[in-house]
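Paired with subunit B in one complex and with subunit C in the other, subunit A is shared by the two complexes that follow.
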Partner chain A sequence: MSKKIVATTSLAGCFGCHMSLLDIDERILDLIELVEFNKSPIDDIKTFTKQCDIGIIEGGCCNSENVHVLKEFRKNCKILVSVGECAIMGGLPALRNGIDIKECIDEAYLNGPTAKIGNPEGILPNDDELPMILDKVYPCHEIVKIDYFLPGCAPRADLIWNALVALVTGNALELPYEVVKFD
Partner chain B sequence: MGFFSSLFGKKQKPEEVKQEAKHEAPKQEVKREPIVEKKVETPVVETKKVEEIKKENMSDTIKFKIDGKECVGKNGQSILDAAIENGVYIPSLCHMKDVIPAGSCRICQIKMNGRTMAACTTPLTCDCNNLEIENDTPEINEVRKAIVEVLFVEGNHFCPSCEKSGCCELQALGYKYAMLVPRFQYAFPQREIFAASPNLMLDRNRCILCKKCVRIIKDEKGRSVFALKNRGHKLEINIDVDLAKTLSPAIAQKAMEICPVGAIIKKEKGFAVPIGSRKFDLKPIGIGNLN
Partner chain C sequence: MKATLQTIIEKHQKDATRLMDILLDIQAEHGSVNDEAIALVASQLGISKVDVEQTRSFYHFFTKESAGKYTVYMNDSVVANMKGKAEVVKAFEKEANCKLGSVSADGLIGLFNTACIGMSDQEPAALINGKVFTNLTPAKVKEIVAGFKADKCVKEMITEYGDGQNSSELIKSMVKNNLMKKGAVTFSEYKTGTALRKVVEMNADQIVAEVKTSGIRGRGGAGFPTGLKWDFCRKEAEPVKYVMCNADEGEPGTFKDRVILTEVPALVFEGMTVAGYTIGAKQGILYLRHEYKYLVKYLDKVLEDLRTQNLLGKNIAGKQGFDFDIRIQLGAGAYVCGEESALIESCEGKRGEPRNRPPFPVQKGYMNKPTVINNVETLAHITKIIEKGGAWYKGIGTKESAGTKLLSISGDCEKPGVYEIEWGMTIQQMLDMVGAKDVQAVQVAGPSGTCINPKQFGRAIAYEDLATGGAMTIIGNQRNLLKDVVHNYMDFFVDESCGSCVPCRALSVLMKERLEKVINGHATKNEVNELVEWGSFMKLANRCGLGQTASNPIITTIQNFREKYDALTKDTDYVSEFNMETAVAASCAVVGRKPNLEH
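Here is the complex of A and B:
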């Protein structure tokens, strides 16, 4: 059996879910026997070099770059998995969803206590190189079709491990009560 | 007071009541203070009702079945209370024993005679003798799961930052029904937080409008601390700002404990129990892990 190819990314996330993936400890040696990593912060491959089997998405979509990367993942991966609360419901970044976007920008660059010191001229970021901020933070499944969801903040290492093994081997995923948690 | 005693006091002739009401009505408009006394009156009437209903119906015993299990209850008792007494778990977010049911969360729905009913607001009657009630079936549990999902998307339930996480009944039901993602679109409503009380915080982002706090929490003088504001989709829990500022820590603690989610939080202590040891971390919600 050829190795399954896995890609991972962190959109509007904190890399906590990637850390949780590393929390599978010595089982990572077994994982390397089962899968090969492509585009991922783990091996620092920046662009897709081939079609992947499994795409692991951490974080929701808060700017145009997140949307672009997510759509790339959908194009290049057979199966997409939303990992963590941010990918599933926006998470911590989504706390700004009830606040007007101008108010957010003004607070960050003009009115905030550190903004007045660090940005005395009151310059707002406005460059073609910078991704545009979205009106709110979107869960990944509201942008593209997502196949599976692993909740948690971060998802327990056992949950990520169980899910990866189930996807690679084709067996049914076991969800013991202790591993499915929302925090 | 005259107006109230005429309504709830000893029986008077209808004519007398009318006359008194006419005389008293203008006085009430001028005096604003009796509003406080109104609040005292309301719970007294409510508890009377519960006791009366109980006394009237204590005598009859009803035998019925839930998912094939033989159960015994009292005439007039709610099916939910009777089920718990018989060791059958029917999930609920808005019900508490001896409190008038509100039927607001609808998670306790059961099927009797092919009809979906809320177990908390449906009393056992003579017609329920030998009745087969469906409770823990795939069909009903799927609807319950959908209700849990609706409650998650229509508020801002960000579990990782919530003090109640691990002890939250809504979250526990999400675990029970293995909710991985809600099937509905997130609403991200904009809701206000009240934090001006030294002992208590009301975070409406997490509120599921079960109305437990409105029905149960009173201060030492019997005055309501919480009330409902607006109607329809604008409905929200309102708090008596003056009462909240002088609220005792004991009542704040009680309010936090009866709240099924993290909408009411007692201040100055949070995240006291470590992850892994909290109420619903290892043990699902149900009989043996209720309030």
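Here is the complex of A and C:
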């Protein structure tokens, strides 16, 4: 059986879910026996070089680039998995969803304590090359179809591992209580 | 301000369990319960500020800031909207110069939405400084706002009074009873005190046996056998017990308890006293929803008269040692307080969050003492059962549903109002009775009940078929069922969730948003199927009846009106509502760049 191909990305996330993936410790050696990584921060492949089987998405979408990357993942992966609170619900970044966008931008670039020191001229980022900020932070499944969701902040390593192994081997996912309890 | 606060706190003996009354008085006196008031109340009652604050923030009619010298709470129920609420709101906004949900710049007028105020048969209706205004029109609004501007007292603005006791000196309200059909039990002839004089010759065993014989089941909607409930409570060893009457009639579309309490309140109080005698309680509490505050003075007078007649107080009906009295506890605007354990919490001065069960209220209820809680209608019927006997009552209605039932009928029909019917009537018979033609659906038992389609109109109103607390909302063919009805009901549940159970707090919001996706024509058939799955999760994982039924508006319409969902949904794998152009427009405008949609 050929190895399944996995791609991963962190959109509007903190890389905590990727860290949690690395928390599988020595099982990473088993993992590279099971799968091959394509586009992912883990191997630093920046663009898709082939069709993948599984796409792992950390983080929601806060800007136009996140949306673009997410759509690329949908195009290039058979199965997409939202991993963690931010991908599933928007998470911490979505705290801004109740605040007017102008107020957010003003606070970040004009009024905040660091903005006053770092941006004395009060420049707002408007270069055409920069991603455009969305009106709110969107969970991934509102942009593209997501096949599976792994909850947690971050989901614990065992959950990500169990899910990946189940997806790759086609066996049923083991979900003992300890793996999905959060408090 | 401090002096009046101090007076209020002392009037209630600095008793933390009477926090509701304290905050109600403060709100009435000062037009708000501000942080200064909270700090003082907390220090005087010896509880934390958070304890006070969480009670204030829980109830709709407590406000942190002033809600205007004149506060208009517009009823936002389905029927109010059917009957032209939008036009009335527009008129208020124009005349008062303020947007719905805010206070006018001069602080004169506050305009807010509120959940069903129990006036579905005379919509659009509103509460203005606690007084009920019914059958509102833009023209009437103009007059009302002119009254505000002329500094008139709200009482003076009510010039026409309703029928029956509504026009009595202590009520003086424009509310109409619309009592369209009197039946054999609630609204039949009765001489106050007959039941109590009979009851003092009986022992508790005999009374419970009589109530069990009658087959009466709880009239609030759940239908628990009343005799059994009393029996459980009676057998608890604890010497102190309580009787409570649930008059927190909050299910949108229900208003029959209002008519009972207006026309035959003594029947209810007598029923409570019978319950007190039976279980051995000395105190009863009528928990009255804040929307019916206009009845308090009148009800207090009825209680006073009962005391004078020795039907309440000490040695009732001449029976040595039979002491029982009743106080009225006002709510402050929270649907969930109709849930009995939440009602108890509220009576103890706390947030109306339902308790875990067991223990049940009959074991540990008010103040953790055994407590019987019955609906207004149930207690009224108890009085009649004692008067005429259980067998008489059992002879009315159907096999499993004894007696009569009050229906609150409203919506698209010629004769909305309160009808006392015998259990077993079919929906079609009911529709004919109220002059409803061209009916698309009937919402049975309010939003937490079932929405049925015309093929089901042969079904019977009875516990063995369509159980109901009495709300019947008729929806004509001219309505958009999903948009006008189901969406309004979901809004209601989202607002009224106490927030304690995650599925109720979060999933009801997600279900509402999914419904919006359906209405907007962007959902897939699979997403509708998912709604059904989520609904079963709501039933499984929420603590109280509110949470367990909060998905019913969606679930029962998927069951009975699937074609409406199918017509709006696509048979594709996935549809996104995301639109890049609209999503980036605001931020690009702020930073001053042209959106580049080629990115």
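As a working rule, the second predicted complex is superposed on the first by the 180 of 183 C-alpha atoms of A that agree within 3 Å, B and C clash if a C-alpha of one lies under 4 Å from a C-alpha of the other, contacts with A are read in each partner's own complex, and residues count from 1 in each chain.
Just so it is clear, contacts are C-beta pairs under 8 Å (C-beta built on N, C-alpha and C of every residue); 3 or more make two chains touch, one makes a residue touch a chain.
All figures in this text were calculated on a predicted structure; none of them were measured in a lab.
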Clash or fit, subunit B versus subunit C on superposed subunit A: clash
Which superposed partner A:D128 touches (first subunit B, second subunit C, both, neither): second
Touching partner for A:F15 - first (subunit B), second (subunit C), both, neither: neither
Partner chain in contact with A:E142 - subunit B first, subunit C second, else both or neither: both
Touched partner set for A:I101, first subunit B, second subunit C, both or neither: second
Subunit B collision site on subunit C, chosen from 242-250, 314-322, 404-412 or 566-574, when both complexes are overlaid on chain A: 242-250
Intersection of the subunit A residues that touch subunit B with those that touch subunit C: 136, 142
Subunit C residues touching subunit A - in the complex, by the definition given at the top: 573-574, 576-578, 580, 582-588, 590-596, 599
Subunit C-facing residues of subunit A, complex: 64-65, 67-68, 101-102, 105-106, 124-128, 131-136, 138, 142-145
Touch list for subunit A against partner subunit B, complex: 82, 85, 88-92, 94-95, 97-99, 136, 139, 141-142, 148-151, 153, 175, 177-178, 180-183
Interface residues, subunit B side, partner subunit A - complex: 152, 156, 158-162, 165-166, 171, 174-175, 178-182, 185-186, 188-191, 275, 281-282, 284
